[in-house]
């Protein structure tokens, strides 16, 4: 177990290193002169030269990388040339919004998916299973941008619930009730996408688990149906659920921008799109790096949890 | 010896009847729907449709009628005609990108899983590192810098971005099949690697590949919609389902039809693809690989 | 060895190791034997003793780490590419799991014709005739079943098709790896009888690997007993079963269940379980479970000694008297 | 039946039919037999003979959907057929327990073995946590697991096949059942381990005064360990009797064929086996006659058209289902 964790941590460090290289080179991969790209074609040669020096572009590229890496390790991702604000502080302001949104959506998704999957799997192809199955299948085919439009149309416009429309985001610190209201639509949208994944994964894994011999064995002990479902079937099946959740939550961190963009909620995704549109490359670089590391970390954490739940894996 | 031969003939019942889940009528309805969309996309020019770009200022934001089946948008363009033409973009992006993704991912994944060894180690580590990068952000970043945008560029970027995913699915599927005794048996008979890959492995991973392909096409089509919202898909006024839904946002209160019809077209298409993929997976009893 | 015949297959000090460093497991730890033309050598042992690995290493499906394998005097080690593929056709293999041995998405005719198609040794017409002939030989009607897919057949039928396929290239040696252990007794008897018939018809030499002592005895001229990666006893089957010289063989035979209510109950049951091959005992590998073990068994590895004509045992204290 | 009090298990006209896509599948048909206290009975048959379904139906462990069970199973006076799940649950573990075929799949892989034994003790017997642990370690010792206190904490994946089967037996014994159903308990195990496990079951049966139903495909397993044997074919009992009668005075040609087709250690090598031609029948397409008729060398027209019922043989308790039975020893001599 300890060896496994050490090996995983070494792998994690390796991947983060490669991500840092990738993110660093991102702006160097852009066509044309970097200073022109950053400052725009109208920039004066003097300013360009200043920036050239500032970015350390006169030095060899690997040196530039290590300077950059050193800064990153100190929490310094550079200063945006567009907004003149520190990239790190911009990210620090936006990230909590993503985390709150993901957290609420995951609570909702698990709260719906687990009991429904347990119910479905008890009688596969029964009436309830068919209804749940058809419902989840339909939701699977509705992309989040359509969900959010429909939600805005009905909840925000037709019902007129406050703080649920476009550009109505309220910070948690200023009014937490309003904040929760403004979080409702994006969180529900993300929750629907996650729910579909969790429900389908858990249901099919539970059905397979319930056909295992050890379930019959547990029945033959004379313990209750409830206990069999939760103690004997759910735990082995939760491995598949956790695996799906790891991938999915990472995906939400990277892909949550659609709802943020549509509702103008100033999270990381919204900031990223704005940065791309404004050619704010240092901010783009910073966000890409933070999000990538975040995705890797989430996968790492879920692998670790799966390992605790399932003793079979670390012994392989 | 001869009596053994005779005895086998006596029992003509084949003992392992195929227990395939039936495809069902809904499956064929979905296939029909996809085919209909394909036909519409291909023959949009020759079909008696109105010009999708013609702006009829006499009828702006009108609801469904005989003249405009699905109504018109805020500058008087026929929604039905735009949906039919818009399917061209979705179908081209979806199938085009997956063509690239599978074209590269399938041979690499099969080779890695069959050969194992160093090629597999290097290839798989490389792909897994690529998977760690959020593909969607990379897609957006590249598309926003790579101007001017065109349908082909979108297809290429999404296609390449999908390679690691396809690789992973195909490799896992091939690994599961590679351990089967009939692969060893083929080696023992002196079959070449090429023959084993094409005759023994490919037919057995094809069902997994096809169902994943369909689900992949659905995902990519939804992604095109997302890109349209960010203004990164084909430029207006060329209609695409994503573009149309995006344009409808500003007139949501006045003309909900503009949002509802393209959304319906998109969702029904995705639903059909997902359903066909899911049914095929059940039908071929694909349990080795979790997609 | 006193036998004047030239062996068909000569295996010397064959070793197979898996893993590296701390995880190194020697699944086969130095195995030597000969197989003579026309005979059947049975290889028997419990799971994990390395008998199946030995079989696969002989075909180089699993790469041996050292040792030599010679078929009719020419070595199998060191061959690559086409030379290896060509050489393999002289030896064929039948596997334990009949269902997984056949590609479910190919037709029976094509499966049997696969080796012929690989090597293009015969014309298209001859191929069809040969395939039909092979299928009839194993009791599958080519007209009725030839175009069926392999996934539609029962275990016994699949094993018949496997046999037909393995015979297509007229191999000299057939390796049968637990080929009847997945079958019901009544079907098992059919397959064993079929194998005996085909053996005499085709002049085959067999290596028959199985865990079932009764099955092995039924088909074998000689039997080798494996324990933890080594052969502990080898000899003519009737003699070996009659008077086992190695204590392990004796326990193995004692544990075999006879379908006879009058057979003696097993008072002497081998205690414990085989040690991990990761960390095998020093000296004799069986000493940890052997009631006769002494210090010598721990310090010194027993070498094969000949007790009777062709009957070798690797034990310091063989149960039958040594030939002088 | 009047002897219900004396007999631990009375099975009468038991049939289990599955509803499948291909139509009704009669897995078990009209099975009747009894089992006395502290007796071991063997149920022998090839795959598809219905022996496993029979053992599960006796316990009431058959799947809950797409299955019809008729007849009667009296277990220590309790009717199992048609009983509610909660009624059966009260009997499972304490009246009857089961040892499964494959110890690799019958233990929960993500639960420590100790917890799996504890569960019955705590939930069914209401023991305290500490008492349950002490008792579980005792049980592990009883089934011959070395250093039981350490193994209590192990996961099934850390144990060998033989050890796992011992754990499965320990779980089955936790509720001190009166009847132990052992479904192919040694099939996946090596011969030396098989002998250990069978001896253990024998020993426990006597020490704990249990009755055992030993289900197997291997006639060797039941030859010396059972007092009576049931031979099944295509879901029906084709012969039943004392072990000695079934082995040496069998009347049903299938029993003879089964005995003759298995190779024996005591036979000389290259002894030609007497194979049964053909394959077991497809249960979805059973003929009106004897199911074995298509493979039987004694079959007549009547065998193909009319199904033989069980009829008594000369020996007490010995019965067979055949129109053209093999001659008895006396008939052979005359």
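As written, the chains take the letters A, B, C and D, and residue 1 is the first residue of each chain.
Going forward, a contact is a pair of C-beta atoms (placed from the backbone, for glycine too) under 8 Å apart; a residue touches a chain by one contact, two chains touch by 3 or more.
The structure displayed is predicted, hence computed values, not measured ones.
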| item | value |
| --- | --- |
| Most extensive contact between chains (C-beta pair count) | C-D |
| Most remote chain, CA-based centroid, reference being chain C | A |
| CA centroid of chain A to CA centroid of chain D, Å | 53 |
| Chain A and chain C, separation of their C-alpha mean positions in angstrom | 54 |
| Chain A and chain B, separation of their C-alpha mean positions in angstrom | 24 |
| Geometric centre distance via CA averages, chain C-chain B, whole Å | 48 |
| Of all residues in chain B, the ones touching two or more other chains | 4, 7-8, 15, 17 |
| Residues of chain A whose C-beta touches two or more other chains | none |
| Shared-contact residues (touching 2 or more other chains) in chain D | 275, 277, 279 |
| Of all residues in chain A, those that touch chain B in their complex | 15, 18-19, 22, 26, 30-31, 137-138, 140-146, 149-150, 152-153, 157, 201, 208, 240, 250-251, 253-255, 258, 261-262, 272-273, 276-277, 284, 287-288, 291-292, 295-296, 299 |
| Chain C partner contacts - residues on chain B that touch it in the complex | 1, 4-5, 7-9, 12, 14-18, 180-182, 184-192, 195, 199-200, 203-204 |
| Chain D - residues contacting chain A, complex | 56, 59, 61, 65, 85, 88-94, 97-98, 100-102, 105-111, 119-120, 123-124, 155, 157-158, 168, 171-172, 174-175 |
| Parts of chain C lying in touch with chain D, wherever the complex brings them together | 46-47, 154, 156, 184-190, 192-193, 196, 211-215, 217-221, 237-238, 241, 251-261, 263, 265-266, 269-271, 273 |
| Touching residues on chain B, where the partner in the complex is chain A | 129, 132-138, 140-141, 144-145, 218, 222, 225-226, 229-230, 245, 248-249, 252-253, 256, 259, 263, 266-268, 270-271, 274-275, 278, 287, 290 |
